[in-house]
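Each structure below appears as structure tokens.
Same chain, two partners: chain A is paired with chain B first, then with chain C.
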Partner chain A sequence: MSLKKYISIFKISFAQEFAYRINFIMWRVRNVIQIILLFFLWTTVFSDPSKVIFGYDRTKILTYVFGILVVKAIVLSARAVDVAGEISRGDVSNLLLKPVNFFKYWLTRDLSSKALNFIFSAFEIVILFLILKPEIYLQTNLFLLVGFFLSLIFAILAFFALLMITSFVPFWAPELGWGVQFLVIVIFTDFLSGGLFPLDILPSFIQKFLYLTPFPYLIFFPIQVYLGKITGTVLLGGLLISLFWIFVLWIAMGWIWRRGLLIYRAEGR
Partner chain B sequence: MIKTLGRYLKVWWLMSRNSFMGMISQRLGASIFLTGKLLRIGFFLAFIYLLLKGTGTLAGYNLNQTIFFFLTFNLVDIIAQFLFREVYRFRPLIISGSFDLVMTKPISPLFRSLMGGADIYDLITIPPLIVAIYLVGRSLGPSPTHVLFYVLLLINGLALATAFHIAVISMGIITLEIDHTIMIYRDITNLGRFPVDIYKQPFQGILTYLIPVGIMITLPAKALMGLVSPLGVLLSFIVGTAAVLVSIRLWNFALTKYTSASS
Partner chain C sequence: MDKAIIVDHLVKNFEVIEKKPGLAGAIDSIVSPKKKIIRALKNISFTIQPGELVGFIGPNGAGKTTTLKILSGLLYPTAGFTSVLGYDPWERKPEFLKKISLVMGQKNQLWWDLPAAETLELNRAIYEIPKKEYEEVVSELVTLLEVGKLLNIQVRRLSLGQRMRLELVAALLHTPKVLYLDEPTIGLDLIAQQKMRDFVYEYNRKYEATILLTSHNMDDLIDLARRVIVIDEGQILFDGALEELVSRFAKEKIIKVSLSREDDVKKIETIGKVKKISFPEVILSVPREAVAVAAAELLQNFPVSDLTIEEIPIEDVIRKVFRGGMRRSLQK
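Up next, the complex of A and B:
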């Protein structure tokens, strides 16, 4: 019964995305434009195919660029971005009255959004591949592919908690929701997770510091595993750190949620 | 003419003052937003520095030149956002039918829709950006003629940005879609963060002539480096003027499609 409920939420949320087709298509167009910039930037840098810079050759850096498109679609696309607005408008009361778990509801909606974004990103890659004809690195090592998929699942769970924690700010300051989300989700996540450039071009002391935060494990780490640049014990260590962050972020998310509900007054309803 | 201009300047000042006061009432939220914007510029500058440290040049341009392209992009982008922030609030006016109230006022609805809410937080970032452009630009050793070309092409770039914004709100009236259209405009202009020379044909041609991001951002920076001839400046102005004229015609056409629905 419980699973059926969430399957229905998944289907409804999936259908809702199609209700605003132009919105969705425009969102995907925006992602493609960003990838075009990165593609040409790195193609210019690696105009000589045999050149190796920052430990990457042309094939691997272009695979990284295309990897960003797919990993972002899977990890960063989320309907839970609406939670902050729902709290500040008092609309979250509607969900609290329903016989659904708040977190399972939003995670299900996120998964629905990720599924749709992933399908579209796959089409986009085919189209971009036909137009740009990039050299792409195909990973065939089964162990690394399993590591890649595991790191993606961990990234989804970590990002969900990070987004939720950010979205709970309006419990205390309703007018700050959008600003905090812009700072943490748009700026920090995009730059510090490797959404614009691979983090290993940074000086090593900054890299060491970043690896202590959850951000690199959202985009950079999964792509590195796919490229075979992270293997063996380093891969297992990275997965364990991801698990640690999931644990910390989920504990924090539950704690902040309970504290927020204590002061929630459904203002605006 | 001068009297009308004075009246519009006064109206703009009043609207901007109201907008500033509204923004200042949400100081903390806006400060976080401003911090985010500054961090984005900082992160990008760090990326350019690290990239050029590893490669030496990008499409033949050295570190200072590449940074100068990026700063010029930011100047055009931020001035356009400062002046035309009201475009981002245009959709509710159309879908609620409240645009009727704008149409009945004794000022141009285009002027009100474009410039009705200047953004003080963008204004704050303009002076330090100009200082940075001055310092980096000076290191490139331009002649007075090249500086003049740079300023002229910057004005032309802003005219093109104006044309884009007019086109976006016109499309907003026709399609009721504006939020994503303006963001797509932003994403396309973001392609000008780096010189358009990095793009291969036909993308470079499209970005230079069809969606003139190159003329808007890359060309002014190239002019300061002495890479643009007087004929190039003249042709750019022809493109800029044509874009503004076409966008105004599009606006006039869009007004005939406004249905005043929901009002």
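Up next, the complex of A and C:
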């Protein structure tokens, strides 16, 4: 297995994303608008800078909002959203015919998409920062920063497996692909992972339950670590649960993939 | 040398859920799905020697493409044994995949929004082709297929014929030893078809590649395939030389006579089926076993100035196969 193979895949995938410039820009615009809306919502709620709700003051809630922008760009942006369609159209045959590992191929393409999105979101943040002039919380604790990056990597791996598993539905039900993906990824994941609001405003028994699922570890957990709201043993415990989920989801992903291939029909003709 | 391809008692069943039209039908298929087994391949066997170029003939839905897909590892066979170059295709080992290629006339691997050159570069990396070898192969394929000027144009802007030729370049970069071509000339104009055929012939000869070809285009088969396998409803009906196909399956022969007088034309219908009359020539089709008697009768009773007996043209036989007539004519 050579790294060169995957560098090539990374490059062509990057070039491909640029071929859909307008699409890409619209997608970014949507993110920015979402952030602006959240920004104004929370600045209104926290109009008094000294007010603290659910452990958030204005600085931290605004950092949370900006954190969503970055973490979403890194974790949730994925080219592998195309997999469901490729399976139901039979286009996945092209890849199956090549001496390349399916999962490594898509992970590489995801990373390329994430890189592009990250570059743009960094750019957007600078602009939004200059316009809105929010007070942002800067984490300086090295231990927490390492925890933050580690939790980001875990989040990427967990989300990849979640996305893949939902993408395999068309093996059994070709026409359900998009619907399932929309439900699981767009609605469920965004909502339960803290992509819309910080999860700690929910009742504590719901929070406790959510922490046992893989979802909070995608967005909410990394940002909390950055904000210094999750530290020490809770941080380590969270990383362990997240690691456990990666393990379970990756095994499930491989198993479902192999089952799917057995009944794959290579349609399209 | 060993066989390049072995297919032994291969069976492939697809399970499909029947759907009735309309919303009620859609709901019905979810609530109480009616499963149906489609038997795409019913126990087929054949072997192919290295370097052979074999044509697959059969009407739509006969199982040709299914066979190619199983032999390239895309479909999981329900039962039976397959081996390509000593590999089990289903395992899709990298070493195996580096030696084969499947080209489908209606599927493309070129990245739609990018110039073909980008896909070629990607394939070079994926197949781990050394730079020098890559450059040689590309320049050769590009010259043979005359696509030099097209490499840097966005694929979406190319015509179908141009795209198909570039598809071939992408599919052959790693110089596969086994090549499956599924309808390679579909949708191409006559000149492009000829170019494609010439190329396939060249490739087979030069690289001693084993080629399995399916086509609805009779010229493809006549030009390229010495051996054909006729498949219909998932079963092999014939496997042998193209000429033999005619003598095996054409139940009739053609008698061409030139007459010296026109008024006898009516009576001639009693001898055989008149296919065409354009005085002085009359073309009759006569059952194979009756051909000698018919010819004798013609010579005796009609003012014949010339008479020839011919086989039905290959095209007509194949056309019959595509209409699904082969099976019916066998059963008769």
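Note that in this section the second predicted complex is superposed on the first by the 267 of 269 C-alpha atoms of A that agree within 3 Å, B and C clash if a C-alpha of one lies under 4 Å from a C-alpha of the other, contacts with A are read in each partner's own complex, and residues count from 1 in each chain.
Following the convention adopted for this analysis, contacts are C-beta pairs under 8 Å (C-beta built on N, C-alpha and C of every residue); 3 or more make two chains touch, one makes a residue touch a chain.
The structure presented is a predicted model; accordingly, all values stated were derived computationally and were not measured.
Chemist: Between chain B (first) and chain C (second), which does A:Ser8 come into contact with in this model arrangement: first, second, both, or neither?
Modeler: A:Ser8: touches chain C, not chain B.
Chemist: Between chain B (first) and chain C (second), which, if any, makes contact with A:Lys208: first, second, both or neither?
Modeler: neither
Chemist: Can A:Asp91 be said to touch chain B (first), chain C (second), both, or neither?
Modeler: Once the two structures are laid over each other on A, A:Asp91 reaches chain C alone.
Chemist: I'd like to know which partner A:Gln16 touches here: chain B for first, chain C for second, both or neither.
Modeler: second
Chemist: Taking the superposition on A as described, I'd like to know which of chain B and chain C A:Pro99 touches: first, second, both or neither.
Modeler: In the superposition, A:Pro99 contacts chain C only.
Chemist: Applying the document's definition of touch, where does A:Arg259 land relative to chain B and chain C: first, second, both, or neither?
Modeler: neither
Chemist: Considering only the touch criterion stated at the top, classify A:Leu41 as touching first (chain B), second (chain C), both, or neither.
Modeler: First partner only.
Chemist: Let me test your reading of the model: by the given contact rule, A:Phe182 touches which partner, first (chain B), second (chain C), both or neither?
Modeler: First partner only, chain B.
Chemist: Inside the complex, what are the residues of chain B that reach chain A?
Modeler: It is residues 26, 28-33, 35-36, 39-40, 43, 47, 50-51, 54-55, 58-59, 175, 177, 179-181, 183-184, 187-188, 190-191, 193-194, 198-200, 203 of chain B that touch chain A.
Chemist: Would you mind writing out the residues of chain C in touch with chain A in their complex?
Modeler: Answer in residue numbers: 14-15, 65, 69, 72-76, 92, 94-95, 97-98, 100-102, 104, 106-107, 109, 111, 113-114, 118-119, 121-128, 182.
Chemist: Considering only the defined contacts, which chain A positions touch chain B in the complex?
Modeler: 22-23, 26-27, 29-30, 33-34, 36-37, 40-41, 43-45, 53-54, 173, 175-176, 178-180, 182-183, 186-188, 191, 196-197, 201-203
Chemist: Taking the touch rule as given, give the residues of chain A at its contact with chain C in the complex, in rising order.
Modeler: 2, 4-5, 7-9, 12, 15-16, 19-20, 90-91, 93-94, 96-100, 261-266, 268-269
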